[in-house]
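Labels for the chains are A, B and C, by order of writing; each one numbers its residues from 1.
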Amino acid sequence: MTLPFAIIAILTIAAAVAAMSLRNLVHCALALTLAFAGLAAAFLNLDAQFVGFAQILVYVGAVAILIVFAILLTRGGETPEKSVFSASWAWGLAVAVVVFATLAWAITKSAVVERRPAEQVEASVRQIGDALMTRFVLPLEVIGLLLTAALMGAVIIAMREEGKSK
Amino acid sequence: MLAWTVYISFLGVLGLMLLPKGNASAARKVAMLSAVAGLLVAVAGFIQFKAGEILTVAKLPWVPSLGIEYHLAADGVSLTLVLLTGLAAVGGILFSWNIEHRAKEFFAFYLALIGGVYGVFLSFDLFLLFVFYEIAIVPKYFIIAIWGSTRKEYGAMKLALYSFVGSAMVLIGLIAAYVVSGAQTMNVLELAKHPFPHSFQVWAFPLVFVGFAILAGMWPFHTWAPTGHVAAPTAASMLLAGVVMKLGAYGCLRVAMTLFPEGLEAWKTWIAVLAVIGIVYGAMVALVQKDFKFVIGYSSVSHMGFVLLGLVTLNTIGLSGAVLQMFSHGIIAGLLFAVVGRMVYERTHTRELSVLEGMNLVKAMPFAAVTFVIAGAASMGLPGFSGFVAELQVLIGAWKAFPTLAVITGVGILIGVAYTLRAIQQAFFGEAKERGAPVPHDDEETKHAEQEIRAPITIPERIGAVLLIGTSLVIGLYPRILLDVIFPSFNSPLFDGLRRVGLQ
Amino acid sequence: MNVSYLELLKLAAPETIVVLTALAALVVDLTSTRDLEARFRFIINGMIACAGCVAAIVWMLVMPAHANALEGMFVVDPLTQVVKIALLGLTLFTVLISMDSTFTEHIGEYLALILLAAVGMMFLVSAEDILMIFISLELTSLSLYILAAFNKRDVNSAEAALKYFLFGGMAAAFTLFGLSLLYGLSGATNLGQIAAALEDKGLDPLLIVAMVMIVLGFGFKVAAVPFHLWAPDAYQGAPTPSAAFIASGSKVASFFIFAKVMMIGFTGGETNGVHEIAGSAAWQQFVSGWTPVVAVVAVLSMLLGNLVAIVQSSVKRLIAYSAIAHAGYMLIGVMAHSGEAVASLVYYAVTYGLTTIGAFGVVAVVEARSKDDQLASFAGLSRRAPVVSLCMMIFMLSLAGIPPLAGFFGKFYVFAAALKTGAPNLGLLWLVILAIAMSAVSFYYYLQVLKQIYVADMPAGAEELRVPVLGQVVLGLIAVGVILLGCAPNLLVGVLQASIKAAGL
């Protein structure tokens, strides 16, 4: 494990934990943005520049802003009284520890760790674009459909049904 | 041609469904028409049948990739039971002529049940047999739950669940046999030739045998039978005792014993013991019942014990006795239930023997009394009736195979005489005792009840009683009509496996 | 790499037709039928949707194709064609039973989402590439989440959708995690290539993790225990036609792809007759692999589904728990992983889907008149609506596995196929025994429903139910289908076996 990776990982995880546990929703959103940024840094650290920058543009840029907007427009950012911690957290924590331990054990025991890292491949944005329009054209199309469905769903769910609501 | 017994019944169901609502008399007529047509086809098939052959009625590929065929065929055993079904079906309708409440549905369920029963007796493909077997289960539930009497929903559900558990056991055995044989066929003639491994037979046989025997009322899985019979409306009791219990016994013979003869060899003593316990236990419990119908219900358990005992004797006398007993009990039990359920209960509205004792029914309904005395005589195995020939054969067979058990069975027969006489005595010839007599506190009401009791036995009832008594007498006096057909069928290749393990 | 878009369009024509139909329904509803009465809107747009489904079916019947486009991303062969036709059939019936409903005013959107979900299922069926599998799975799921939330006047619908969504999101995360581990281990996204890469590597610990996660993800989609918690609430709260679609179409597609992933992706490494990766769930000869994992899930599903269904008083919840039990039976078919097992599985899933849509259709009819789906609301239904009652009897008995209905043959076929896999030792016999015993239990609760309909007395003052002719015809058609597929199973089995042979599974 290299030092940059360790720093990025700790930063990302800490931000994610903060996003779950902070009381003020706006703070949560900001912490989430930080976690997104950490992920972007991790991608860049792996030389996956396109994905890294896309992550920054889409998530850190657009999604985070959207979330903040949504919070401000709906709840006005008031802080809840009760703590978000509860008794079931202990159970959740226990399960998480067990799952993490299993995963860690599996990874260390796996033959994969002895594998040589793959050769560096230069993947330009152009190549990625080519691939998206050729080999991966179908997934791209289906994602288009998925977004259509999501858009319709968002409109339907957010729309106020007039008159007849119980 | 025999296939038409099945088709006519289901066509009858369709016809009934298309009838307009609330027309009970039309429904009765349609049902009667299909039942009589079914009986005629069965009789015609019986007359044309050449003893000893296996008559293929229909054989078409059904699911070719799995080797499942639509294969209807008949040998002497199945033909006898087809004939029984025809008689019981007609009898049942005659004795339910007075049904007015949702008559259309009643007869639709009734004919579906009959069609399923015909189908089971005629199927030589085990998949098809199982299909018909389950078709016969479902209508029973509805007939009892909707038109029944005492604790009808409980009795119906118990019966349905017992039947379904039994058929689940059978299904496991059938699928396993199908896969183990590896022959891609469900044809019983083919599977009977397959030598299943001994270790497989030893567990598959009891599974399938008991699965079927639950429906045949084998002790200790018999408890559905008395409650079911008591809860059921008359026609359903007649069918339950008359043909449905025979489905189980027939399945034991045609499937379990034919496919797994070595399993039978290993388990026969146990089954014989259970059968004899059933005979004696059923008779003893019948002796102490207070409810008239329960007496008959438990007597059925006792009589079906003879069938099971006959099956496992592994000699042709015992086997043919078992088949004959199936026929005979079907007729006699039907008759008994008809007297109790239709003639007595529908008029007196009670089945308590102690109450009936005070009514002096022999005067009020002499026809019923005579019928019951004749039926009772037949039931306890008086010579001249079909029951005598059948039980005698079973006893001879059992004497050869299990002498000790045969002696105990004799005790069972004696108790049988006792409970029948007791029932006759209490129900019809009781003297009006002081405490038992109804206290006349309301003249109008008493008169009405009195009138109802004295309501004459209707013509359909008389026809039904004569039909069933006549059949029992004919078979009792001249059993060769059936035996000439039953005996030769044990020479067919179906029984090769049983011959290997010592069928004489 | 050169891709002929025209060629691809031709292969994906049925999907394209359905997508265009979805858009057409949306546009027609927005532009021309907006001002009509809701019932007419539903009928007009429903007819458009049905026409689209029929057109796609006809296309597949007329233009049989056999091709593997984009390295397994889109595989068209006779088998996938059959499954797609069945899915479109189920979609058609879902649209038909929803025509009578009044829960929403967004009719165009509702139908469009049903069709988009169907498109997701069709892509899912054709996928042999884990990327494509995941994306189409998401398309299906997302559409279904929204369909579950469609009744905005009822808070239960929102709750149902939220539960479904949260569990679904979680399951999707697991699936994705498992699939990416699989990619990391094999360096391929195509199922065949994955199998080839894993051939000689044995059972790597990470592979086990990946397998467990994938089973978990699919287990959620098919509502198997312990990933079933969403199902009862979602079935009960969601609008009835949506629940019907979740229970039928989504299940068929998920089971098919589940079996395909397991059979194509996780084979290989065979030593001494035992698949190292598949393992063995035979009695007393357990070998670790994915089959024991699935076996555990199947056993739990059969037990819990059937036992909990007994105590339900809401018919929709009862169907939900029975759906969990049926998932258990079908998992036995997955476990058998042979060509015949796939045929039996598809037969089972399709007939089950058809029956369930019918059952939900009847529930919808009753619910529309008595405002709830409690067992008591069905009391005396046979005298109030005889045709609908008869249909319900056929559906319930088919679900219980009574011959000669389709449900019985499905069970028989699945169990026979499972036993054949372990022949001659009958390794999976213990599972088959459990399944048959549990279906005997299930008979009890299905009979409870029928008891209410046929035996119980009508509530005082109840009148004859007025069921629209169209509704009766649709339910009757479904019932006839259930009987027909049960009496002549070869109609479907013959086609399935031929197409499996052609597809080379």
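Convention: a contact is a pair of C-beta atoms (placed from the backbone, for glycine too) under 8 Å apart; a residue touches a chain by one contact, two chains touch by 3 or more.
None of these values were measured; they are calculated from a predicted model.
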Task: Chain contact topology (line, ring, star, complete or other) - done: line
Task: Chain closest to the middle [Cα centroid of all protein chains] - done: C
Open item on the list: Quick check: how many Å separate the C-alpha centres of subunit A and subunit B?
Closed with: 70
- [ ] List the centre-to-centre spacing of subunit B and subunit C in whole Å, with centres computed as mean CA coordinates.
- [x] 42
Task: subunit A and subunit C, separation of their C-alpha mean positions in angstrom - done: 30
- [ ] Would you give the residues of subunit A that are in contact with at least 2 other chains, written as numbers and ranges?
- [x] none
Task: Residues of subunit A defined as touching subunit C within the complex - done: 102-103, 105-107, 109-112, 134-139, 142-143, 145-146, 148-150, 152-153, 155-157, 159, 161, 164-166
Task: For the subunit C and subunit A complex, residues of the former touching the latter - done: 1-3, 5, 8, 12, 19, 26, 69-71, 73-74, 105-106, 109, 112-113, 116-117, 119-120, 123, 131-132, 135-136, 138-139, 142-143, 145-146, 149-150, 152-155, 184-185, 201, 204-206, 208-209
Open item on the list: Touching residues of subunit B toward subunit C in the complex: what are they?
Closed with: 62-66, 105, 127, 130-131, 134-135, 137-138, 141-142, 145-146, 153, 157, 160-161, 164-165, 168, 171-172, 175-176, 178-180, 182
Task: For the subunit C and subunit B complex, residues of the former touching the latter - done: 382, 397, 402-404, 408-409, 412-413, 415-416, 419-420, 423-424, 426, 429, 432-433, 436-437, 439-440, 443-444, 447, 450-451, 454-455, 488-490, 493-494, 497
